Amino acid sequence: MIDAAHLWLIPALPLLAAGIGALTPRSGRRLASGAAIAAMAGAFLLSCLALQRALADPAAHLYANFTWFELGDGAVRLGWLLDPLNAFMCVMVTFVSLLIFIFSLGYMKEDANFKQFFCFLSLFAAAMLGVIVANSLLLLFISWELVGVASYLLIGFWFHKPAAAAAAKKAFLTTRIGDLGFLLGLVWLYDATGSLLLFDGGHGVLESGVLGDLATQVLASGLAVPTAISLLIFCGAAGKSGQFPLHVWLPDAMEGPTPVSALIHAATMVAAGVFLVARVFPLFAADQVLAAGPLHALTVVAAIGAITALLGAVIAVAQDDLKRVLAFSTVSQLGYMMLALGVGSWVGAIFHLLTHAFFKALLFLGAGSVIHAAHHEQDIRRLGGLSRSMRTTFVTFAVGMMALAGVPFVFSGFWSKEAILHAASEWDVSHLPFYATLIGVVLTAFYMTRLLCEVFRGAPRSPAAAHAHESPRVMTIPLAVLAIGAVALGFLGTPVWPWLQSRLTGTPIPARPLLEGGGLMGLSIVLVALGLGAGWALYGRRVRLTATAPDPLAAAAPRTWAFLGDRMKFDSLYAATLVRLNAFVAALADFLDRRVWGSAVGFLARFAEFTGVVNSEFDDGALNGGFNAASEDIRRTGRAYSRAQTGETHGYLRTLAIAFVALALLVLLGGVR
Amino acid sequence: MLGSGLLQGLAVTAKNFVGSFHDPKRFVTTQYPEEKTRLPEAYRNFPFLVSENAEDPMGTLRCVACQICEKECPPQCIYIEKSKDKKPDASGKQQIYPAVFDIDTAVCMSCQICVEVCPFDAIKMDQVFELAATDRFTGLMLDRHALAKPNSYFHQLHPTEAAEVDDRLATERKAAEEKARAAAAAKAAAAAKPPAVPPPPPAVVPLPPPVPPAA
Amino acid sequence: MNAVLILIALVTVGTAIAAMAGRNLLHSVLLLALAWTGVAAFYLWAGAEFAAFAQVLVYVGAISMVVLFAVLLTRRSRDEAAPGPAGQSRALSAVMAAAAVAGVLVGAILRSPLAASPGPAPAVTVRQLGAELMGPYAAALLAVGVLLTVALIGAVVLAAGDRTGQPEDNP
Amino acid sequence: MSPLQFCLIFSGVLFSVGLAGALARSNAILVLLGIELMLNAANLNFIAFWRYGPASAPATGVIFVIFSIAVTAAETAVGLALVIAIHRHQRSIRLQEATRLKG
Amino acid sequence: MSAAATTSESFLERAPLLLRDAVTGFLPEPARWLANSLLSIVAVLAVFGLLFAFLTLAERKILGRVQNRPGPNRTGWFGLLQPFADGIKMLTKEDIVPRAADQLLHFLAPVTLLALSILTFAVIPYGRHLVPVELDSAVLYFFAAGAATELAIFMAGWASHNKYALLAAMRALAQLISYELPLLLSFVPVVLATGTLSTTGIVAAQGGWKWHLIPHWIVFTPWGAAGFAIFMVSALAESNRSPFDLPEAESELIAGHLTEYSGFKYALFFMAEYFGMCALSGMAVTLFLGGWQAPLPVLEFIPSYVWFAGKLLTLLLGFIWIRATLPRLRIDQLTRLAWKFLVPLALVNLGTAAFWSLTSAWSGPLQLLRWAVALVLVAGPFLLLGRGLTAGLGPRTYRYA
């Protein structure tokens, strides 16, 4: 039996492995990878024991606090926390990490920096587990930053590629913006409550006494203090979880090795933001008692989640890069989770987080398998026909795709998404998020079908794809295991048997009959079918044609596509469908199109491709343009201030001296005390 | 191992330190003013004039004041005045002799050209180095009295070369005697006069066995 | 009051003024070393033996060395000609600002009821200091150690610059 | 004037001298040295209060001075390294000319 | 010379004190303190002045013998008057100050150097009762005064206005700063073990014998031996002695910072160098070799100052011996030795000393283990770092010869 005081062992094991990895020479590949995998397996076992312990008393929060160091009269205290939320997360992270580690054995086999890779992976896992088991926001923040560092190292693992180095930098800096908010929130929280411990025998920040005190404080602007703190903390969560408007780093981060994408950008790190909000959910919900408040933190969370979910799905439609499609789908799914948190169903969010971790890791690893087999060819237009040569990968990838798309009843994604839809539909503030989720469901099914068809159906469209063959056993077995998980996990939280939900909240939740929310579920099924059907209709037949299409298409920018008249007719056919499908988005895109590209591109018939393209342009142009305008303002202000900033040290020093004299005179003569 | 070289070095110096006390062969220094090392035979610095006889150096100078050396001397440190009269040389022959023969060692550059050009083997290189003087005008100007050193001294300095020179001179002299004797015989035969007086014995010690001249 | 103390103060302030006013950079540094020694003398006078020796060791032994090194390395600067009118006005304003600060300080000190506690200097042995440093101040000591290490590395990196010269000649 | 006041005035004057130097001189090294002098003046205060002030922990003043000296050493090292870097970039260590962060 | 001698000690042991009292005993108490101090100064200056004089002679004699020549032997019996002849020569030589020199600094440099090196003599315990000044932080004082000497050398180099002198000054600065670090680090373990910074305390802590045979000197522990070695190497460098005499490398820099000095100022530099050497050796004796303690109990009848002098002379002769043996290092080798070898070694040695003092309670077979671990801790880093230091160094192979 494991107790909260032993919980530090879980992150300590991978940390030890990282240390071993760091100290082994470059040639010690077996030692480094063996240590990493053994440590992760050990951590997994410990996590299972911890889960068992937590489930024995789901309502309790077990914690063990200790003093880090004393500072004057006060002491900085840290601690470990064990409750079902932590335990589930631990099991998920260690299990997925273990499988990804094993997969990496095959994927990274030829890399010269093999042992460093495992060292970094272990470091990352240790930091992530530290985030999960921390009972102190300070410890959580430390681990959080370590996660950032490890992800920086991993994204930039192929640092010799300029794109990878730039992506690592971008990821690091973008998340840092969020982390700044996080840090400010922590400082404010510490100022307001005098503690950063989550649970501390009645003094922790998540405990009712402290929260009650906190909720009574209202700022001059009418904003409640817990709202402000929560929003600041949410900045950190949004940065890590790739929420709008900080989602820009996530697609670029795909420059890292694919197992990294699977581990960091699908299963674990990006989930950290969701986990963080779920962890401090009582804090976010504290302002709900203030009915009169101008803004509730959770409303913001829900709004951001909805925007992200929709945005990610729309952009994913137009992507041609295998991993980028998955990346935008991750953004979208994280938006779902945030939305679920925002509408109050943190349990639903965690449920979706767990299932998503499995099927998204599966998808990424499947993509990794494809990429590995196709000699690092990631462009879906240049792949194709892999279903015959890569049987296992195809089957498992299809399972993952269907789980993500939410194919009813069998696949886990359906159940977790259904939980979110259910929660969104019952939210009484606004129904807009609910509609956003519905559109998202269609789009998700659509682009996943497109992806699957493009990659696996038809004939190979490049020599690399033609020569692809099934990946080694060490890579396919993790796929199979994850596929089983992607199916089975859903049954832990069906409305009929809400085991997971009741375990997470610690209170028994009554089972609902399957048909109680029949209308909603039916709608969901219809929408999924619509998406699948549309995808099939468009890409099931396109396969043959693109096989004959010249490959320069891949490198061509959208503008060149306009001049390819011979393909107009076919494209306009499905473009019209897509436009009807995305009527709202298309209108917006059309408007943007006129502004950005002018009339030359305006007459393009292939609106669907175009819509997607412009959507991504929207991402770059409109959003970034807005940022540019804002930063121009900032710059102007800064220029005004900078007049005082001559760079002359003497001037500064003199000002300092004069100010000192003035202040001292004020104190001496004015008697100000 | 690091440091073993240092220890070896220390051992060497220690050995030398101890050795210099008990092993006289190691100890190479001579206490100069009291002890003097023999200079190598090839050493030479300033010229001197060879005289046949140590008792009468001025009377037996080989120099005949031909002034070739004076003319050849690059820094012109030699000053010679011929005598007005003639005096018998070592072999008793009447010869002009240097009335004044000065070498300014402050000017001399030890080039040895005077020695090489001298047809009479009368000027040779010396090995003196203790030439310190308190007056640079007179102290370093050597006159013929200071310059004249006997042939035996030359033998001490450069035995090989001296032997060669003596050999050569003896041969020449013998040839000259024979020539003279032949001329005398011819004269005697012609004039039936009493033969000339035999030449005096050479003033030098018996010669060592001739050494083959160095190439 | 103590004649020794007055002497120390006069010498220290005098050398400091001379150092700050001097034209020759090197003389300034050496005079300043003397001023630092004066401060050390004050510590010694006050009974803080350890601090005094540490002051000499660090300031005279190390800092002045490093400063001298920097003076030599930056010797070939194209500057320090005769101070122009700008320099003179700056000097004037500097002296005025410093005088104002001094005035405020002295005024404040004289106005404050600062009665010296009579009695001998608190005796503090090196052993005591060590115990304090390793006990209550251990965290600070560690922090200072880290700071020094970081500063050392930073200084090396800064001063080394981008080295594009030929590789080091191996012996 | 009590001895404590004398010590404090001594330190204040020393501080002002350092300040004047730091303000008046254009040579970066001298400015740095002026700042050193100011720091020394502050250290002087520590010792003065330790010697004459109300009794506290017996070693506090000295310990603060020791820490201060250590920090100053670090500061000087970095400062001089900066001076050398500026010199390398601009061939000058006049502080008026070093008005840009870029070299 | 403060501690009162107990009458139980031998006459010889008390002789200096008796002598002092005979001279100053008639004075009243305050004046007596002053007179005693002055007397200490006079005694130290006289003894070390003479030591300096004969040390130069000894150095020349020994160097001569090592090179198989007799050394100075003309002036006086065995050349014993040579130092005085040299002194007279130095005094009567013309004192040349270059026109471009910084006149004041040129004059101050040798004076400062000598004054500072004399200051270091104040805290060395020369005998059981013979400490000129007893300080609580005497070791710190010693190194503070020693550190300031670098300033004087720099002054000399700068003031000469000579490029060789300036180069030498920079070299000297680099060298002295580099070696200051191992020097300071090497005695920290001693302070750790004895728990005091006072020289008398350190010497007292080394008193006594184990089994009446092995003295408790610090050099007889593994870390003590290593620390002593590091200290001596650093001391060689700190006193600008061969093989670390780069500042005055005559083959490259004429005479380094001494280039523009002649006559009496030169003599002062010379004197300061020897004083520095003596002081550092004296400190090494105090820190590592048990100070004035006798090596064996039966030898305690010999007065303590004789033991101190003996140890001091041994070390000084070692200095000379090393000078006779080793060629000069190059500047990069010099700094590399300090930073890549001595400093890490000294740091590791600190850890070893900590281990040693933590395990002081071990006895029996554990004692063996303690020795073994400590020896490994000393020898291991030495070998490892030494390998790094000598990597790539081997007999030079010539390609074209």
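Going by the order they are written in, the chains are A, B, C, D and E; count residues from 1 in each one.
Methods note: a residue touches a chain if its C-beta (ideal position, glycine included) is under 8 Å from a C-beta of that chain, and two chains touch if they have at least 3 such contacts.
On a predicted model such as this, the values are computed, not experimentally measured, just so you know.
Between chain C and chain E, the least number of touch steps comes to 1. Once chain A is excluded from the assembly, the chains that remain, linked only through touching, form one piece.
Between the contact lists of chain B and chain E, the overlap is empty. Just to note, of A-C and C-D, the chains joined by more C-beta pairs in contact are C-D. The distance from the centre of chain A to the centre of chain B, each centre being the mean of the chain's C-alpha atoms, comes to 109 Å. Centre-to-centre spacing of chain A and chain E amounts to 67 Å, using the average Cα coordinate of each chain. Computed from the mean C-alpha positions, the centre of chain D lies at a distance of 34 Å from the centre of chain E.
Taking each chain's centre as the mean of its C-alpha atoms, chain C lies 5 Å from chain D.
The multi-chain contact residues of chain A, meaning those touching 2 or more other chains, are 650, 654, 657.
Each of residues 50, 54, 62, 66, 69, 90, 93-94, 97-98, 101, 105 in chain C touches at least two other chains. Across the assembly, chain B contributes no residue in contact with two or more other chains. In summary, the structure contains touching chain pairs A-C, A-D, B-E, C-D, C-E. Looking at the complex, you find that chain D touches chain C at residues 1-10, 12-27, 29-30, 32-34, 36-37, 40, 43-44, 47-48, 50-55, 57-59, 61-63, 65-67, 69-78, 80-85, 87-88, 91-94. The touching residues of chain E, when paired with chain C in their complex, are 102, 105, 135-137, 140-141, 143-148, 150-151, 154-155, 158, 166, 169-170, 173-174, 176-177, 180, 195-198, 330, 332-333, 392-393.
The part of chain B that touches chain E in the complex is made up of residues 1-3, 6, 9-10, 12-14, 16-17, 19-21, 26-29.
Residue ranges on chain C touching chain E, taken from their complex, read 26-27, 30, 33, 49-50, 53-54, 56-57, 60-62, 64-66, 68-69, 72, 125-127, 168-171.
Contact residues on chain A toward chain D in their complex (touch as defined above): 646-650, 653-654, 657.
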